[in-house]
Amino acid sequence: MIAGISIYEILTLSSILFFIGIYGFFTRDNLITVLMAVELILNASAVNFVLINTYLYPDLLQGAVFSIFIIALAAAETALAIAIIINLYRIIYSVEVKDTEIMKY
Amino acid sequence: MDFSYTILIPLIPLALFVILGLFSKKIPASISGWLGSLGLGTSIALSLYTAYHYFMDGKLEGVYQTFVYKQTWLIFTDKLHIDLGVLIDPISVMMMVVVTTISFMVHLYSRGYMHGDDGYTRFFAYLALFSFSMLGLVLATNLFQMYIFWELVGASSFLLIGYYYTKPSAVAAAKKAFIVTRFADLGFLIGILLISYYTGTFDFKDLTSLDGMLIAGWGASASFMGLSVFTWGLILIYMGGVGKSAMLPFHIWLPDAMEGPTPVSALIHAATMVVAGVYLVARLFPAYYFVEDGFALQVVAYVGAISSLVAALIAVTQTDIKRVLAFSTMSQIGYMMLALGVSKYEGHEGLGYMASMFHLFTHAMFKALLFLGAGSVIHAVHSNYMQDMGGLRKYMPVTHITFLIAALSIAGFPGFAGFFSKDEILVAAFESNKLIYYSSVLVAGLTAFYMFRLYFNIFWGEDRKYKHTPHESPLSMTIPLVFLAFMSIFAGYIPFSQFVTADLMPFEAHLNLPLAAIASSVGIIGIIIAFIFYKKPSDLPERFANAFGFIYKWIYNKLYFDELYIFVTKKILFGVVAFSASWFDKNVVDSSMIGIGNVTVSVSNKIKGMQSGKLQDYAMSFVGGIVVIAMVVFYIWIN
Amino acid sequence: MNLESFLLMRSEIGLLAILLLLIILEIFSNKKQKAAVIPFALILLAINTVLGFLPLESGELFGGMFRTNALLYFFKTTLSLGVLILLLQSADWLKEKVVDENKATEFFILIISSLLGTYFMISAGDFLMFYIGLELTTLPVAALVAYDTYKRISAEGAVKYILSSALASGAALFGISLLYATTGTIYFESMAEILASSNLAILGFIFFFSGLAFKISLAPFHFWTADVYEGAPINVASYLSVISKGAAVVILMILLFTVFKPLMPVWNKIIYIVIIATMFIGNLFAIRQQNLKRFLAYSSIAQAGFILLGLMSVDQLGTTTIVYFVAVYIFSNLGAFGVVQAVSSASDKENINDYEGLYRTNPKLSLLMMLALFSLAGIPPLAGFFGKFFLYTAAASQGYYILVFIAVVNATISLYYYLLVVRAMFLRQSDQAIPYFKSPFYMRLGLILAAIGILVAGVYSPLYDYIFSISNTFLN
Amino acid sequence: MDILSLFVIVPILIVLALTFFAKDLKQARLISVVGMGIQFAMSINLIFAYIKERAVNTNIMVFTKDVVWYETFNIHYSIGVDAISVVMIALTAVVLLAGVFISWKIDDLPKEFFISLIALSSGVFGFFISTDLFTMFVFYEIAVIPMYLLIGIWGSGPKENSAMKLTLMLMGASAVLSVGILGIYFNSNADGGPLTFNIFEIAQVNIPVAAQNIFYPLTFIGFAVIGALFPFHTWSPSGHASAPTAVSMLHAGVLMKLGGYGVFRIAMYLLPVGALNWSDFFLVLSAFGVIYGAFAAIMQKDLKYVNAYASVSHLSLVLFALLMFNRTAWTGAIIQSLSHGLLTAMFFALIGMVYGRTHTREIEKLGGIMKILPFIGAIYVITGLAYLGLPGFSGFVAEMTIFVGAFQHPDLFHRILTIVVVSSIVVTSVYILRMVGKIMMGPLSNEEYKDLPKATWFEKTGLILLLIPVIMIGVLPLGLSEMLKESIQPFLERLL
Amino acid sequence: MERIIFYILAAVIILFAVASVTSRKILRAVIYLLFVLIGIAGLYFLVDYNFLAAIQLTVYGGGIIVLFIFAVMLIHHVELVLEKTALKKKLIAGALSASGLAVTLWAISTYPFPETSATAYSSIEVADIGRILLSYEDGGFILPFEVISVLLVAVMIGSIVIAKGRKLVADGSPKTEDGSEKLTENK
């Protein structure tokens, strides 16, 4: 609970963060940077959970615990994604998004 | 009295057909000819016995009774059902005799004429089929039975005309005959549908009964274009008769039908099948006479008169002897038609009816004779054309004499059969319609002229260069000729009015001497002109023809009827309707079905760019999907 | 909570045990012994599958985080059977992996852990378990997609898969957070009571839905499907198309019918549009495909559209039909993928053109392929027909006749491209036809199981009636 | 095992026998002939059994049997026959047996050919015995789909496209049909009571008029496409042209009859109000189809196309008669189905024989075949004459029953349409005679044809098998027509 | 006071987030991301959720960011400059994100959240978290806790399998070459 700050502002912040992540996902040319954008997205959700929990439903800790799991999952996901990206790099020596377009139509 | 045995008369030929048809390969030619003749012999014996039996004892209080034996064959509705059976009354008995007689003669004759032909047995099978169908038609108890056998007759005619099926012209003629008559039969069928819809029956007995629905009730029925639907029905039924009897405008098949073997022409296209139309009208005569004051009957009369005149004119110009005879047939049937058309119903007033039947009878004899004689000639010289013939009287005496008798008979030479029947027709016409009468007299003259033109051309004049000397035909062919010649003379002395009348009551008919005199003199004038023109070769006919110029040409080309028909069928029906139907089907209906498939495939090709292979495009569509769905939902939500 | 109540988790515990055994085996076996891992794992899974046919009570564990009932249990067994068939079909391919790359055990571990993920996902009683189950389903498969580490398209497919799914699960997570904001709970049951229709809840639902739609590959969230299927090894594509999709459909159904029931007027419309879009997109793209994996990918997209028809009927009928269709669909698709796998491992050919004249060289395979495709197309008396017809019935029962009409039009389009493959196999003759080959034992077993499923699941009506009898358990 | 289910089971057994025991062509056709012979004997037996049963049993359907299939949907495997189905079954058995004889010498994949053919037949038989909508629909699709393989593998010409077009159009139609069936199903509880697929239970219900108006056209079109309703008939010419002989026979002879049968038994019987409301529209379409098909047939160059369009014309006549709503026309429609089935099968068989010998089907290239092949020629002419409605053959009985019946319609418009339709008989004779005249008669077109092999005994057997019922119906139609009328009674009661 | 801190943090988060997704220098982008994460941790501190803030800093700052940096360094040299993104793509992406944001914000703004009272609020203790995480009663999180461990194992194995060096086939030529060559043509 942050004095003077309403839940609307919190949600606005997290939404902006979420859509910045989305924007990043759309525009980044490098797979690793795309993955970074995903981190923003996940963090937006985590922030949501925590702050909604504390603002609106403080008697239970569901949101708070949820966010712990989000972080854990984000870590696992990132690790795997990086492994996959590196695997790609070993084959084509590139991690550019534009080099992952041989399958289409 | 029991006439149920008459059912055998058509069934014997049917059995013959089945046996000969199924085992055509197994039965040797020699046997099949005899078998056929024997079968028909039995039939003729039976029918003569029936005739005797009927005309002697068939009267009750001076009226010929009608005997019906029938079996239900197919039930349509509670009221409408097709029965098969036999109906014995004067005209059916008379026709039965005609059919079996001629058929028997033709069978006998064909044994000689078709000798050595590949399809000998097949030929006899067809003949038997035809005899069966014709007898079934004659004995029909109701309209639908008649239609059934009407069609069968058509089919056997098709088979017989197309007997020489490797000859394209024969095939074409067979097709033409079938299709033209079938078109006419369409009218017949629709007529039956109309009549049966309003009367609820097919039965001749009900249809011709004077207090039946048809005759008593026509006034109450709906009308179409100013005529009662019953009249329309009768006219449409008559259309069938017009087709089968080769009246205008459906006559075009008859000359071509001469492509068939000559005995066939004698049997079908001269004596029996072609008079089916006459028989049909006679069968329904009370209906024609009473419905709407005989309007339909007048149509019959005029069609008959016009056909008779036109056919006679065309016959004058033709050079193919069988075609001359064909047009002659048409002309004579026109006579019968007009006789029916001018007839009234009761007693002596019904003279036309009697005359028509009488003429039908005599005509069958002499026309069959003419054809068989022509066949004999053709058999001898292997040509159909007058210019290939001449002076044959020396080689073929029997044929010559019998042919002469027939020609005199048809020309109405006093004393011969044709004279009597034709006279009655003229009297009937005179009494009712002067215009038709004059035209009939003219036709009588023309008839005499073209018959003797034929006669002189064949048997007199110079010898032609024959490939081998013509000789008289074998006995099997000449015996029928002699028999028919006999009939052509003496058939006229049968007191027909005692037997066959419109109201089934016998009356006394007398020769009307003035009219007979006029008719016979016109006939004799015709003969004389023919004698002058054709007895010796001369250029008279040619000059004459030239004098008439294009009229001659017009008539020679049969008034361009064939061309007209070809135009209508080939150009309009095939060229426009059928062609556009198949074009439409291929290019519009089918293409649109295929088009649906093609459009799907091309859409599929157009949208393939959506799957660009770019990760971020996918993401955009993912988020785009969310945003769009959200917007749409909220848009709906807000409203 | 006592020890016996853990029996409710029997299938999960069984899978977990298999996982542990495999890990132990992997650690303590030498290279030669590793060849034995294939039959070993197969037998274990088979035992687990067979055990699944034993009856089970319904109930909840862990304060409602895990719930199970006869329907879910049945569905888990079906999935297990599907995976078993799939593994049988890939045994041959795996042997190569053992010999060359020493990666067979990992394959089993990954695929079984993913299966475990689907179990937890559909048994989830709250959004957290659901989310973890979803991730557990997804992530090991991402590794499997890249399993042929030397193949460029595999790597590419894996990248697309992991990043797209990260985005999708991120979106779903954001949606869950919004839903949490409106209701204050992550438990399904409580949320079902509290959830009321509001803009935020709807938006949350849409975000959430997109995450599952991604897994089911519904348009417009489907784009990854074709590329990933094409890139992935065949059995992984097969897994994606049947197991993970089927599980996602079922959990979507459960959530829609229970948690999101208050939002039904909204999601009904959304599903309506999505069904139409999905079917058309799937079919229109499938028409042009040459590569069979890609072809089956689009076909499975179209099939997903059909499956959703069952959602239109929010009752027992819809539930039963969806579960039934998914089961049938698993068999059909495994049949098709199995043949592709068999042919591919024998000849390395995956294009439709390559299949020309296949019937004359390999009649049995072609026949099975035809059966599988006809089943997918919905031709009686194969199982797919019944599944599809019942889906139509479910949708029509709520009066969605127009939707059913669009669906049947699409079924006809789909028949077209299925027939293209049949045409290649049966109608065409080719000099370069794939020569005759005899599939190994496991492969044949896998194919036969799929064939039996295709042939029997439809005509044998007790299956459906059984599902019907158990499917009321979670609606009430 | 009951007498009807055997009709489905025997083909399946034959298929299995073929699959496992047939090693070569000889064995394959032996098994098929024996199997189809049994089937044929069963169908003859069924006719007599039916007559016997009918004498003591006044239910709409006899030999009924009902087994619950899908309890949830109230789907039953329920079977039963009335006279209409009995004659259709007999027709199927005859055509199939003849088809097997005609396909005696199939050389490419013979086993598979017979398997597909017989699998198809089990669908057809099942369709005719079903009294449950769903079961019927299942069998319907089973009957349609083997067509793709049959045409695609053993066909000729542009077989792949034809097969695809045919399959897609028919399956598309059946897709539409499934919507109609669902519509009927979900309105089958209009008067309370459970939802049901059973035809006779639905017939007790008054389905709301609005629903009837929507689902009638769907159901009608769904069935009528296979009955060659204009403009959905285009699958038929190309399909027939490409199909192998036996398949054309079976398809035109039997499969297309499913359309009329379905229209009658399902669409019209279950949705009577819809049927009446839509009748004018479909009536005009079918009447147009009659004339249109006939005219289109005139211009065709390929023998099979002629026959295909002739089928369009003749089957539109069936639909036309069905839409006339009276007993006579309906009887006629069924007899027409039978008659057309037999005759068109004969035509296709004959065309197949000519094609098999001369390797052409182009009318222009053929001529004078009768001289060389007298048996085939004679049968060809007979078939032609029968086809154009000559008395003494089944076609006449059928057409006349239809025409007389249709003309009894009290409405003037219907009678006028009838007259229009009647005139098709002339056009029919034109194209039939043109075809017969050109290819059978006339001079021999090609010297090479001189040594064409004569008809073999199995070809003769096949033809004669088909010819016998044609003549039997043509000569003694009363029993058949009365038997059918009795079975039409329930339809009459429901529709009028 | 807290309000100002919040705004500062919000500004930091948003600015660095934007920087992180637009920076063309990849390593800088990673660092910007780190700042964002730290900012978020700050938020957690603000609401007295110190435990999570700590996790955020250790797992993200200590784990994930390092992973990113390693990855970047493994793949490229540090100073790698990314290509400039096409303007059109940027515009579309921007428009799409903006409209999504607009919809989201609109939905949030129309939702009547209840007024929160400061009294109900208490800081989240680590002990509570621990108790809940390991409780199997109602509201306990033991099950996800266990399952996520399976997930982590699976992901670990998966990562290892993929990252494991390729075996070379007997003749010594890596399969990669023909494998990728052949498949590149396969469009």
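Read from first to last, the chains carry the letters A, B, C, D and E; within each, the first residue is number 1.
We adopt the following convention: a residue touches a chain if its C-beta (ideal position, glycine included) is under 8 Å from a C-beta of that chain, and two chains touch if they have at least 3 such contacts.
The shown structure was predicted, so the numbers you read here are calculated from the model rather than taken from an experiment.
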#### Entry: Hypothetical removal of chain E, resulting connected chain groups
one piece
### Summary
Of A-C and A-B, the pair joined by more C-beta contact pairs is A-C
### Task
Return the chain whose centre of C-alpha atoms lies at maximal distance from the corresponding centre of chain A.
B
### Query
Which chain has its C-alpha centroid at the greatest distance from the C-alpha centroid of chain D?
E
#### Entry: Centrality ranking, top chain (CA atoms only)
D
### Summary
Whole-angstrom distance, CA centroid of chain C to CA centroid of chain E, is 29
### Query
So, what's the distance in Å between the C-alpha centres of chain D and chain B?
37
### Query
Could you state the distance in Å from the CA-based centre of chain A to that of chain D?
65
### Summary
In whole angstrom, the CA-centroid distance of chain C from chain D equals 42
### Task
Quick one: which residues in chain A touch 2 or more of the other chains?
7, 11, 18, 21-22, 25-27, 34-35, 56, 60, 62, 65, 69, 73, 76-77, 80, 83-85, 87, 90-92, 100, 102-105
### Query
On chain E, where are the residues touching two or more other chains?
89, 92-93, 96-97, 100, 103-104, 106-108, 113, 139, 141, 144, 148, 151, 155, 158-160, 162, 166, 176, 180, 183-184, 186
### Message
If a residue has to touch 2 or more other chains to count, which residues of chain B qualify?
### Response
597, 608, 611, 613, 615-616, 619-620, 623-624, 626, 630, 634
#### Entry: Chains that touch, pairwise
A-B, A-C, A-E, B-C, B-D, B-E, C-D, C-E
### Task
Show which residues of chain C lie in contact with chain A when the two form their complex.
127-128, 131-132, 135, 139, 142-143, 146, 149-153, 155-160, 162-163, 166-167, 169-171, 173-174, 176-178, 180-181, 184-186, 226-227, 230-231, 288, 294
### Summary
Seen from chain E, its contact residues with chain B in the complex are 89, 92-93, 96-97, 99-100, 103, 106-107
## Note on the structure
Listed in rising order, chain A residues that touch chain C in their complex are 7, 11, 14, 18, 21-22, 25, 31, 34-35, 38, 41-42, 44-45, 48-49, 52-53, 56-57, 60, 62-63, 65-66, 69-70, 73, 76-77, 80-81, 83-85, 87-88, 90-92, 100, 102-105
### Task
Report the residues of chain C in contact with chain B in the complex, numbered from low to high.
159-160, 163-164, 167-168, 171, 199, 202-203, 206-207, 210, 213-214, 219-221, 223-224, 226-227, 266, 269-270, 273-274, 281, 284-285, 287-288, 413, 416
### Task
State the interface residues of chain B toward chain C in the complex, per the touch definition above.
597, 600-601, 603-605, 607-608, 610-611, 613, 615, 617-619, 621-626, 629-630, 632-634, 636-637
